Structures are given as C-alpha cells and as structure tokens.
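Chain lettering (A, B, C, D and E) follows the sequence in which the chains are written, and residue indices restart at 1 in each chain.
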Amino acid sequence: MARPAPTGPVLDVRGLSVGFADGRAIVPAVHDVGFSLAAGETLALVGESGSGKSVTSLAAMRLLPPAPRTRVTGSALLRCRDGAVRDLLALPDAAMRRLRGDEIAMIFQEPMTSLNPVHRIGDQIAEGLRFHRGLHRRDALKRAEGLIERVGIPDAARRLRAYPHELSGGMRQRVMIAMALGCDPAVLIADEPTTALDVTVQAQILDLLKGLQRETGMGLVFITHNLGVVAEIADRVMVMYAGRIVERGGVVPVMTEPLMPYTRGLIASVPRLDLRGGDMVSIPGTVPDPRAPPPGCAFAPRCSHALPDPCDAAMPALDEARAGHLVRCRRWDAIAAGDARGAPVPEVVS
Amino acid sequence: MSQDHDVSHAAGPNRRRILQFGAAAGAFAVAGPVVGWMPAAGAATPPVKPKGQAVIGLSQEPTVFQPLKLHIEVDEAVYMNLFGTLWRSNPDGSFAPDLAAEIPTVENGGVSADGLHWRVKLRPDVKWHDGTPFTAEDVKYNLALLVDPKFLSGRRAGHDLVRDVTVVSPTEIAWRMERPYAPYPAILSWTWLGPKHILEKEADVNKPAFAQNPVGTGPFRWSERVPGDHVTLKAYEGYHGPGPFLETLVIKYVPDLTVLYTQFQTGDIDYIGLQGITPDHYDEAKTLKDRTVMPVPKATTENLALNTALPVFKDRAVREALYMAVDKASIIEQLYYGLPTPTESYLPMQSWAYNPDLPKQSYDPDGAKALLDAAGWKPGPDGVRVKDGVRLEFTNSTTAGNHLREQAQQLLQQNWGDIGARMTISNLPPAVMWGDYWMLSKFESAMVGLDFMVGPDPDATDYFSSQAIAAKGGGGQNTTQFVSPEADALLKEGASTVDRAERKAAYLKLQALVRRELPYLPLFQYAMVQGVKTGLEGYTPNINTQENCWNANQWRWA
Amino acid sequence: MTDTPLAPARRFAAFLPGPRRAAMRRPRSRAVSRFLRHRLAVAGFAVILLMVLACALGPLLIPYDQLHIDLRARFAGPFAGPHVFGTDQLGRDLLVRLLMAGRISLTIGFAAMALSTLAGTTVGLVAGYRGGIVGAALMRLVDAVLCFPSVFLLLALAAFISPNVVTITLIIAATGWMEVARVVEGQIRALKTRDFALAAELMGASARYVMVNELLRNAVGPIIVAATLTVARAILAEAYVSFLGYGIQAPVASWGNMLNNAQQYLGSAPWLAIFPGLMITLAVGGFNFVGDGLRDALDARVEL
Amino acid sequence: MTGADAAPLVRVENLKQHFGARGFFGRGPVVRAVEDVSLDIRRGETLGLVGESGSGKSTLGRAVLRATVPTAGRIAFDGEDITGWSAGRLRALRPRMQMIFQDPFSSLNPRMTVGDIVGAPFVIQRKGLGPAERRARVVEALATVGLPERAADRYPHEFSGGQRQRIGIARALVMEPDFLVADEPVSALDVSIQAQVVNLLMEVRRRLSLTVLFISHDLAVVGHVCDRVAVMYLGRIVEIADTRTLFADPRHPYTEALFAAVPIPDPTLRRPRVKLEGDLPSPLAAPSGCAFRGRCRHALPACAEIVPPLRAVGPGHAAACIRDDLALASPLGFPVPAGP
Amino acid sequence: MASFLAGRMAQSLVLLVLVSIIGFAVLHLAPGGPMAQFALVPGMSQAQLAAMSHAMGLDQPLPVQYWQWFGRLLAGDWGRSYRDSVPVLAVIAARLPATLELMVAAVALAVVTGVAVGILGAVRRHSVFDALSTAGAMAALSIPTFWFGLVTIYVFSVKLGWLPSGNRSTPGDASPWGYVHHLIAPACVLALVEVAVWSRYMRSAMLDVIDQDFVRTARAKGLTERRVILHHVVRNALLPMITLAGLELPTLLGGALVTETVFTWPGMGRLFLDSLGYRDYPVVMGILMVSALLVLLGSLLADLLGAVADPRIRLG
C-alpha cells in the first residue's frame, strides 16, 4: 500500500466519516471530511463544540475507541520519512503504532490531565524516544533535556526530574509539545492546545508553536474554536459545522471575506477590543441534534439568509466558490452580492 | 455398688474393683479388652524405652500450669501427667499412693481415730523433673500456699482446716485438722503439688514465671506449648511410678466439637477427652475403622435447677408435677441417643454413697395435671395455670450454644406446655449464665450439668446446705435456695465422720430427701463418648477424675 | 464526584453534539430503565421479592408448625415424604422453619439497615456539611468505631447482651452505620463545593434547607446503594453472630442459628446446613446484585 | 450613568480573604486569595473585574456577597456594614443581592425541575406565595430570559449550556435584586452563544436598573458590557478606571500585557506584541513588593521594596505602579496591517 | 513529612483512647464476669469466687478500673490474663503470628488474583470474562465465610481427605509442607471474599483511569497497548488500591477471626473468642487495642506508601 510520492502534501485526508455506536444506532459525528496539509503549513480546524473537529483529528490518529464502538471510513494518507505514503486508516494496528508519535504526533487541550501524574516529565518525554528510536533510558533522557530546553522551559536538567503537578499549566503544555516533537514528526495535530490557558500564556504557546514549525518544517493541524487564534497562526482555515466542512480556504480570504453565513456569524460574534459598542453579535439557536439532523443544510435553522427552498430541501455540496476557497452554501453568491433575504429564525427551546 | 470398706482398704486390687467394673459393664460392651489401671495389670511386656506419640484432643484449652492456682477442669488434663498428688483416685473410688508411700489410715496409724491427726509417709525416691528431690518440705509449702490469703488458690475449702503442719523427716509430714472433715483425702487426691524450690522464688505467686516452664513429679515433663494449639509433654524417664511408655504426649486444643470429631475421624487425634464425641456422632463413630469408641459414665448429672425461692416454685406440687411431665425417655433415647443413664439422684451411681432405691420418675402428663389440679393450680384463659395470682410461668436458662441441651430444652418447653406450664427459653453466654445470674440465684429455672461431689467424695454441702445460699450471704453454691433443716443435719453428719458406713447412711437419706423435695429435677447421669485409636493400650476411664488421661503413664502403642 | 462539564469518562460522549436530548426523560425513569438493563440486578430483585413473599405468606400455606417437635420424624431427608425440605434434629419441618427464619433474618436485615442508614446519614450529612472541627470530630468518632474490625465489635457486643431480635438488630446497626456515614460525608463534601449549594445559601437558605433539600437530595443515590449493601451486610452479620451462638436463640429460628445447629450434622444430615446456607447466600446475593445495579443506575456522574 | 458623588451601593474596604486548610490538628498553608482590596460599586453601574485564573477575582465576588467570612476588612451594602452579619441576619438582605455562576452545569441542582430551581428563592425566603402564584412568578422570570413556560417542568440536564445559563439568570432575577455578581457568566459557552447571554444580561440590567459586578477573564467582553473595569493580579487590584479610559490609556504594565495577548480575529492586522514571560506566581508564596515585577519588562529594583499602592493617575483612574513615565500600548492605539 | 507523622500520631493516640473507652465500657458494663468460668468447677463456692473477684480488683467502680488499667497501659503494662496470669502482650504475641500468617497468605493470594482479574475485566470490559468475573465476585461476596469454610472442611477434609480439617500444624510434624498443607484451606476461604473485593476495586480503579487524557497521550506516543495498560493505566489504578488496602484491614482482620473459628486456627481471633467467653477483660481489651493499632498502622502505612507512590501527595 505504500507507494512513493516524493512531493505533494504530507497529510491528505479524504472522505473521512465517523459514527459512534449508540445502542444499535450509529450516530454520525463527521461526514466526508477531506483536507490536505503541506509541509510547513498550518491548517486551522475551526468550529464550536460538537462540530466534529476533534473527532476528525482523533480519527486520523486512530485514537478513537475501536469498532464496533466507532465506525470510521475514508483515508488519511501520510507521507513518511522514507518517502512512502501510507493510509493511516488502513494500516494494521502495530504498523500504525510505529507511526504514531513518530511521524505524526498530537497534543491535547487539557495539559493538566494529559500528562501521567505519576511519572517524571523526563521519563514521559523519553518514553516515545525509547519506543520509536530504541534509545536507552540515559540517552533518551539526554535528548529529553534538549527538547525541554527547546520548548523554552528554563532549568531543563532539574525539570527533567519534576512531576507534572509541579508545573504550571503553560509549562505542562510545553512539555506536551516537547513530547510530541521528540521524534521530529512530519505532522503535528494540536487539539485546542491553548483553550485551557490564560491569554498571556496562550500567546506564549502560539509563539512557541510558530517558532518550532519554522525550525522543523512540520505540518501543523491546529484545532480551535477561537478565531482570534486562527488569525494569528493559520495559513489555511477549515470551518466545520455539525460534522461537515462548511468553508475551507486561505486564512485571509476566509476571515476577511467569509462566504458561508455561519463563518460570518462566527467572526462577527468574536468580541473585540475596539469598544465599538452596541449589542454583541450572536448566532441564534443551538447546534442541531446529530440524531435528528435537519433535512437540508444543517445551519439553515439558525441562518438569517436561509430560504425554505433550496436551503431546507437538501444538504448543499461543498463548492469551490473561488480558487482554493470552498463553501457549503447554496446562496453564497447571493449573499456575497448583498442579498440578505430570509427571516431571522426565532430561538427555540428544544 | 454398695461398698462399705473404709479408706484403710483402699490400696490393692480387690473384689470391689471387679464389682465396680461389673456395674459399668454394659457401657463397656464395645470397648474390647480393657487394660487395668494397676501396674501389675498392664500388658505383659511393657516397652523398655518410651516411644511413640499420643495426641489427646480437648475442646477447651489448658492454660493454667501452676496446679495450685485457680483453674478449670481442662487444665487438670495437663496436671495429671505433669504433676503428682499424694495419692490418686482409682476408678472405684479407692486411693492409690502416688507421692505418698502409703494411704494413711487408722489402721496404719496415718490418721488418728478421731480423724484429727494426720501423718503421711512419702516416697523417698521421687525427684522433680529438674532433678531436685521431692521432700516433705514441698508438701508443707504447698499446703501453706493453698490457704495463703494473697494467693489465688484453686481451692481453700478443706485445706483451711489444716493446722500445725510439721515436717517430721524429709519423707514424713504430719498435721492436725481443725475438725474432722471426711472429704479431705478426696480433696488431696486432686491436689497436685508444685516444687517449693522454684515456687518460693517467684516474685509474685499469682503471676508465676513457673507457668511458662512448669516442673513437676509426673510421668511427663514440660516440652513446649503453642498457645491456642497444643501442649507437648515428653516422657520423664526418672518417673517414680510405672511408665511412661510414650515418648511424647500432645494435648491438643480443638475448640469445635465437630472439628474435634473430624480430626479424630481423620486420625489427627488419638484420644478424645473432656466432652468427648457428641452423642450425635456416636452411631457414626461406632462404625469407624481402627477406632475404639465407648461411652463412659461421668460424675456429672444433668439437672433442671428450680429456684425454690420464687413463688411459682415454692409449691412442692409444682416441682413434682413438672418432673412428672418431663419426657425423660425421649430426651435420653432420642436426643442423647440413649447414652446417658436416667437417674434420680444427684450422685453418680458409681459412688459408694449412691442410693439406688429412689422412686423412678415416669412420663405422666395426666398425673402431672391431676397433681396440679389437686394443688389448686387452675388453667387460666390462655391455658397457663394460675394459683393465688401466681402464673405457672417461668424462664429457663442455660449456656447458649449447647446444642443438645437446647434441643432438650425445646422438648421440655413442649412437655410443660402440655400440662399448662409456660416455659420461656432465655439462654445466656456462659460468662453471664454462670456469673451472678447463677451464683446469686437470679435465674428462674436452669438446665445445668453438675458434679455435686468433692472429687470422689459424695459430700454435697455446698449445694444443699442452707448456709450455702449465696443470695442470702452464704458462701456455697446452693443456688436453688433449698432450705431444709433435715438436710443440714444430714450433711453435717456425713462430713464429720471418717466412718464410711455412717456417712453412707446419712447420704442415702439425703438423696431420698432431695428426690422428694426436688430442688433439682434430676434427668440423667452423663456418659461421655470416649474415642481411642485402636492400638493405644492402657487407656482406662475413671469416673473419679475430671479427665480420663489420668493414667497416661500407662498408655502405650501396641 | 465530577464537577467539570467534561468529566474524563464522558469525554467521548461529549463529542456528540447536543447530548442525547431526545432520549432524555426524567432522572427517575432513566434510572429505572438503566437498572432494568442490569440483568443480574433484576434477578437479584426478583429473588428478594420472591423471598419476602415466601417468608410472609409461605408459613401460612404449609401445614406444619415451625415449633412443633416430633421426635419420630427426626432427620427426614429432603424431597421425599411429606416434608419437602426434610426435617431437622427435632423433627420440625425444615421449609417452614427456613421461611420463619427468613422473617427474622430479613426483618433484622431491614431494621438494622434503616437504623444504620438513618444514623450514618445524619452523622455524614452534618460532618460533611459543617466540616471544620465539628466535621473532624464526628469523622474521628467514625474512625474510632471503624478501628474495631466490625466482627470484633459485633461479637464483643453480642457476647454481653441477652440476645433477641431487638438487641441483635441494635448491635448490628451499631456496627454498621460508619460506612454509610463515610459515604454520605464524602458525597456531601463534594456536593457542597458545587455552585447550586452556594446558590441556595446566597438565596438565604438555612443550613438545614441546604443540607436536606439541595445536598441530601443529590446524595440519595449513593445512600440507597449503601443501604442496600447494608441489608446484605446485616443479614450476614446476624447469621454469623447466630452461628457462633451469640445471636437469635432457640426455639426462634434464624438462618444463622439453623446453621449453627446444623454444623454437627454436616456428615449425617447435610441438608440442614445446605438449605440455610443457600438462603443466606441468595438473600445476601440478591441485595448485593441489586446494590450493584443501583450503583450503576443511580451513578451521579451519569446524571450530570 | 449615575453621578460619581452618589453613595455607592457596595463599598469594600481593605478586604482580605485568606484560606487555610484547617484540620483537626493544626492548619495547612494559607492561600491569600484576596489581599487588601478597596472598591466602590456605584448604583446602577456595571463594574468589570478582570484577571487571569488565580487572580482572586471570583473570591472577591463571593466575598462581596458575604458568601464567605472575610479575614479582614469591611463590606458595606447600601450604606450598612454587613461584614459581621450572621447568616440569619443576612437572609433578609439576600433577595437584594444575587449571583450568576460560571458553570451552568454545577450551579443548577440536577434533582430539581427548573420550576423548582427558579421558585426556590420564594420557598427559602418564606414569601408565603401559594403554588399557583409562585408558578406565575417563575413563568414570568423564565419569559424574561426567553424560555417558554414548559421549561419549568423539565430538569436542567435537558437544556444546553446557554439555556442553562438563562435559567441561572432567571433564578437570580426572580426576587428582583438590586445587585448582581456575574461570575464569568459566559466563559463556558461557545462564542456564537456567548453573545446571546451577554446581551440578555445587559437587557435585564437596563430593565431592572441593576448594579452589576461582572467578573471575566475576557477583556473584550468586559470592554463590551462594563462602565468601569478593575484589573486584578494576585489578589490585588492593580488598575481601575472607566472602560474607555482604561482601554485608551492603560497605566499598569500588566493591563498592557493583557490587552496585547488578546488575539485579534483579523489576519491582516498585527499589533506590536508585548511579551509576557512566565506564569502567575503561586498565591502561596507571592514575591515581595510588586507581585508583577517578575514578569514586568519595566521593573526597577525599587519595585521589590514595597507593595505599590493603588493611586490616582487621572480622573477616576487609579493604578498600582510606581512608574509614571511609561507610555504603554493601548488596544485602541495602533493596530497595524500585518507586514508581508 | 515529620509534621505529617506527628499529626497522624497525635490523631492516632486520640483514636486509641476513644477506642479504649468504647471497648472498656462495652466490656465492663455488660453482665457476666470472668469468675463465671470457675462456677462449675466441682466444689466451687461463691465465697471463694467473691474472694478472687476482690483479689483481681473486679469489685471496684468502673472508672477506677479503667483508670488503673489505662495508667498501667501508659506504663507499658497491658495487664495479665485473668485466666492464666500471663502478660497480655505475651498472650497476644503468641497468637499474632498465626493470624498474620493467615492474613498474609490470604492477602497475597487475593491481591494477585484480584488485581489480575480486575485488570482483565476492565481491559475487556463487557466481555464474557468481565461478566463472569463480576457475577463471580458478587457471589463470593454473598457467601457467608463460615458456611463456606464448613463446606470446604466437609468436602476436602471429611469426604476427600485431601486437607487437614483445622489447626495450624500436626503435632510432631515440623516439615514446612505440613504447615503449608494446613494453611491451604483457611487461606483460600479467607481469600475468597478478598479476591472479590480486590477484583471489584481494581476493575473500577482501572475504569476510572482508562478513559483519562494521559492514557490517550500515551497511545498518541504510539506505545503498545500492553505498555499503555501496564505502565500508564495499571500504575495509576494501583494508587487508590494502596489506600483501599489500608481501609480493607479491619475487614480482613474480621474475616480472619471468622476463618479462625471455623478452622480452629490458633490465632488472635480464636483467642478473642475464647477470651470473650471467659470474660478475660485484659486480653479482650488487649486484642481490641492491638487490632485498632494494626488498623491505624495499616492506614498510616497505606498513606505513607500512597505518598511514596503518588508524587502528587506531599505529606506535610
């Protein structure tokens, strides 16, 4: 299955769908998601809770509970160091384990709980090196010390022997990053890495990630719900809603000229520091129940531009509106042209 | 049974022994050849050197190893083998000299005719286990210690009459009695003597270091004790008597009677002592291979004690009627598998003072009803009889957890219910039952197995004298609060003479009196089912001792 | 106690947008349906129900008196002859005695549970809510009683008290309330930190209102579970104390004293030991299974 | 809003709130959550309280409501010193001061229906309302927050986070309070929902002329809803000013750093970044002098000597920094297009 | 650390005093007394019993007795058995090894089996093995230990003759196998309940850990499932087990008592029952105090071990 592909994206996800078993039914969580990531590029996955952005990344990492509890289809092609391209979703478990943490790594939202409380920082960082590189403990620890320095933790030799609870949240996230970078992965997936941190620390971590990416040239998938962070870090953006991609493109076009009403609403609802006054902007309603999705566009019930037909009739396709800028909306061109027809939908208690 | 020899003829095999055995012959039917207790009667070729090990299983744990101290029945199993007495009781009630050279009698000048002056000759060849010779000084020390007010003595009564103890020579000791006291030889037959040279050095006689490593004159010497499990004794080769023939004697504690029996079954135990095999297992035990199982009579009689001070039991007719309503035969035949012997006396029938001519009880509920009717106890609306406002209603207590007795109790409840007497069962843990509840007569009625004798002596002053009612300030164990001037006189008569014939006459009358007055409703005389592994020879039961390992010095493996 | 909206164990469920709103009904009926899914728990419940009914009604239907002694009919074997489960050493019908004993054993179990749950809940509630010196003192008392292995304490008490249903119930309750107190204390201490308790306090609620209406209401699940397990424990405790002869006294039957009396007939009449043993195992097992099912059904963290 | 001269509704003077793990034997280390805070909240105003986690802002909010017993200092409500009041005495005051919680999951009793939750204040305050009357008031309160009547019969878990937050607001409003502490009311919500709740809160504030203490770590939200803003750092207020003044002219380096760290959702804009190194120090062991000096790029040796007092630096503007000479960056100042 | 120990010691002392007061009151307020055992000794009289009772100080008021007892205890004198005048500590010391032997054997058996079953059950949640082990554990918790012991004796000793029916050794047989042979049945019977308890605890501890974030982190490193489970999950799941082991000690002691009664094991529990029967107050009090001490020591040890094993806990 490995075939040589010297150029092209480091990670290419195609047609990824994920469903969770709930009793006998399968509840769909992600539909037909696809994206590619070039070396050195940062792709931001944006969406609110329940949009499927984390599930997408966990599915690619094969970190979801195994079938029958989940059902994953599609492919995730990773270009490996040896030049071969492997489909992460089709590899046997053992082969996948060899790639995971080596060629593709991941960091998580909660630095408080994502580190094993009973092992020392150094050992936790060294563990992956020992497993993937076959290093002895002493050598692995030496490397770990270097990694700790590299992620900006002072006094690395001493920190090596620290336990996670002895570190602050920001430091722990740095440790997570050091752990992920240990084997020089081609792709790093960062799942809301700054959400649990204070703004000042968030800024530090973003800077760190940007710097490291420049050094290593790895591809970065950055999952967040914070559009401010997206603007700071991303090259390209993929917006998800109710398990589907609704808009995808370069960060500047998507954020300055969003085509999908949901993206527009999302950007508008970010509170700004400019003291412009007036009410804050919100999107009415709530996300739909994945068990009982609306028949047409999933966003239609909350969309001020939606029309009974075509929006409620069928799920719109992901169209390439402009070069490299995809949008899942039937009315994107009308809306872009200033057509604001459609009544605001009253808020409902489900 | 009727023996009127006095103590002077106690020594030596004689007709009495044979008669004695004849009486118990029924019980011994399954026992096979029984080896006599006298040295001469032993097997023809005793082994020269002690060998082998016998395990005695007991359901209680011996823990007190200072024989003069307050102790309980089970401790004596160890004393019998570790220590010596001046003389021992034979199964027929006669005495055999142990540390004494002979039994003192009027004839041999050991006791003065008035019974006040005693002169005991001791064996010259006895050595303590540590090699120190046993002398009259040891006896003197022991007699003094027993009545030392600071000492928690196992028995003072009797010893407190001893005066002017004189060591005549290392092998002879003399004393004077305050007044004639017939049971005293019997008391001395289970007074084991400790070594003066060790005991006198104890910092505190009540907390003797001696008990950790006791030294005696018995056939076995102390080896080790695993608390809660067993005591190991080893043959004492310097023993002055015959034997021992076993190298090791293990006294094992197995607290549960069923497990004890199981261990006997599986061969972990060679001899079951104390409470023996429970009657429930008798039938099964008889069929065991290579085991000899035999019921042997005990001096204990099972009684229903009635607290005669209570209004309900004041009326003799009530006591009589209750007795008539007891289905004794069912209790004995069914619940106790026919092992015990029905009795009408408080004394075991093996005692020389036993009265065999007491009226026989028979199960007669109708007679009991008639008797109660006649006495004015009329059935009330709920079926319980009443007289003068007193309801024929009472509780019955005994040790909680004694299964067979509880079964009998439940049968009695039904028997008595039939004649209009309501009995409620209220059993108590032993420490409650036999504490003040029993001793100070706080019970209403009780089921109790009692040995009324003083060792082998039939004196029962403590149980029937009106001076012995603890609830009224007396010092004895007359817990039924039985008051009878006639009984008091007979008890006095029996205890104050050494003449056995005179004594016996008094005790026969007393038994008749007690049978008539019924402070205790006598049920049966206990028989304990002893089990011995086949091949263990020399085992002999002895009703006059608390424990049937009294002659383990004679035991040997075939 | 899980306070965060995304408890670790629930993380995957949290991926599902909009929690299972459609399927959600009231907590009570959800708990019932969760309990019913627990097959062993339902079986346990059925066993208990059956046992209670049998013990309540059975003796009325069986033509034997539990106390009637018939020495001619001693040791009749089971499943042969008129006595279905055979007879005991006094020729009494074993089945009717088993059921009458069940009345005693179950009564003691339930009564001891009620008492110890009441005591334990009160102590735990006050200790957990008050905290500080009062709470520490109360919990030290709990610790002190827990220092005695409960069997030791039970026996020490039982050996000294004249045994009957009431006293045995009391001593079993006296040795069984500490666990409940601990459970409740832990629950309340955790619940106390939740904002709804503070919200009630900020509305001016009295300590009693907060304890009973806000906190206790949320600790009901664990208390019910603990209470169920306490019944099981109490039945075992009664059986054990009676087995050692310190418990319910003849002629009243309890499973424990039936076993006690049967011990010596293990070789000759094993059914005398087997039936009461089975009854105890069934009853205790029933309550244990129900407790386990309830623990799943009432698990607070699934609720939140 | 109301003139600054009117007596404040809430006055906090030199408040200290320390927590120590006190056991049966001895005590553990002391957390100095709030250190020497003085603050006025004027009638009708919305005062923002901003700070990172661990700055003591929530503790201060709770202390103001007398949910805790202050370690030292004084709290006055509507002119009355309520510092030493017992729970019983406070009860009469409770309907006038209410709170909205951050966590919409833990602030609603999962075993009570929404109707019972919102109606609880009537029961607790023993208003003697009949069930029907109480129901009417509950429905009215629910309507105010945009929830239909049938919501009253449901349990909290049947609602989404935003809806639960509305229920929390309904409960706080049902007794028609004068003063409301909103403790991070929107931080647990998705951005698209945040605005709904904030707008609702502002709406009821206007309608009921509430005085609000709005606690948040999000400067942008605070800037949106508050009349004045106080910035907390490690238990102390380091700067307080009218919102516009603070945004336009921050006078404490920490305020500046906070502003600078907020990411702007516009990839075409870049502001000069004020780098803030390190983390918030532990409140168990605060550094001497100015607590911020360890992370401050303007720190001087003098900063280690005394705790800088909060002093006036302009009209209605106070800051706790000894340096007057700083020209600090403002978010309203120079947003510049991102370089190539 | 030192202050933690000092605090715990002080706390333990208070607890011990409480325990002694409760124990003393329970024992002495109840009817009956140590003299009752002698009542049925042939020829015993009330006069003699009263004299002894006086000599033992049993006729003094309770608080005086307690105070004297407590005073002696502080001086290191635990009193002497009323039964045989042996110092209480010596009496207990003679029995404690048997109990500890039984407990250690049972715990070793239970921990190994229980932990293994718990791990497997949690890893293969909802599998047949899980269902069976859960049902089995619940059943084991429901079987009365004493009854199970009886049945064991009946089957393995009486019927099959494979195992001895009680006691700790066969007198005269000092071979190690003899000891082990005697230990098998009681240790297994005592372990039964403990296996159930430990497997349940371990399973739920595993389940608490298995869904935690750091396990996902470990998987994200590409570690083998075996290493994830053993190094990350089990390692963390064992932490609460240390505390639970401390809490389980009273139950274990109680279970040992039950087992000792059935198997006539010469341990402390047996001694307790016998001493209770004889109203041997000093010994009963001694055992209560020793078991309370053991329990406190156990929980202290569990806390210390827990702190050693869990870097998050700092004692101080």
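Here, contacts are C-beta pairs under 8 Å (C-beta built on N, C-alpha and C of every residue); 3 or more make two chains touch, one makes a residue touch a chain.
As the structure is a prediction and not an experimental result, all values here were calculated from the model.
Visitor: Through how few touching steps can subunit B be joined to subunit D?
Guide: Each step joins two touching chains, and the minimum needed here is 2.
Visitor: Which chains, taken as a pair, are joined by the highest number of C-beta contacts?
Guide: If you count contacting C-beta pairs, the leading pair is B-E.
Visitor: Between subunit C and subunit D, tell me the centre distance in angstrom, where each centre is the average of that chain's C-alpha atoms.
Guide: About 48 Å separates the centre of subunit C from that of subunit D.
Visitor: Using Cα averages as centroids, what's the distance between subunit A and subunit B in whole Å?
Guide: Spacing between the chain centres: roughly 92 Å.
Visitor: Can you check how far apart subunit A and subunit E are, centre to centre, with Cα atoms defining each centre and the answer in Å?
Guide: Here subunit A and subunit E have centroids separated by 53 Å.
Visitor: Can you compute the centre-to-centre distance for subunit A and subunit D, using the mean CA position of each chain? Integer Å is fine.
Guide: Subunit A and subunit D have C-alpha centres separated by 32 Å.
Visitor: Tell me, which residues of subunit A touch at least two other chains?
Guide: 49, 113, 286, 350
Visitor: Considering subunit C alone, which of its residues make contact with at least two other chains?
Guide: In subunit C, 8, 12, 18, 21, 140, 159-160, 162, 244, 263, 266-267 touch at least two other chains.
Visitor: Counting only residues that touch at least two other chains, what does the list for subunit B look like?
Guide: Residues 256, 428-429, 431-432 of subunit B each touch two or more of the other chains.
Visitor: Considering only the defined contacts, which subunit E positions touch subunit B in the complex?
Guide: 30-52, 55-56, 80-81, 83-86, 91, 94-95, 98, 153, 157-158, 161, 164-172, 261-264, 266-267, 270-271, 273-274, 276-279
Visitor: Could you pull out which subunit E residues touch subunit A in their complex?
Guide: It comes out as residues 212-214, 216-224, 227, 231-232, 235-236, 239, 309-312.
Visitor: Which of the residues in subunit C end up touching subunit B in this complex?
Guide: Residues 67-69, 71, 74, 89-90, 159-160, 162-163, 244-246, 249-251, 260-261, 263-268.
Visitor: How about subunit C: which of its residues touch subunit D in the complex?
Guide: 3-5, 18-19, 21, 24, 26-27, 132-133, 136-137, 140, 194-196, 198-207, 209, 214, 217-218, 220, 300, 303-304
Visitor: Give the list of subunit E residues in touch with subunit C in this complex.
Guide: Interface residues on the subunit E side: 11, 14-16, 18-19, 22-23, 26-27, 29-32, 134-135, 138-139, 141-147, 150-151, 153-154, 158, 207-208, 211-213, 250-255, 257-258, 261, 272-273, 276-277, 284, 287-288, 291-292, 295-296.
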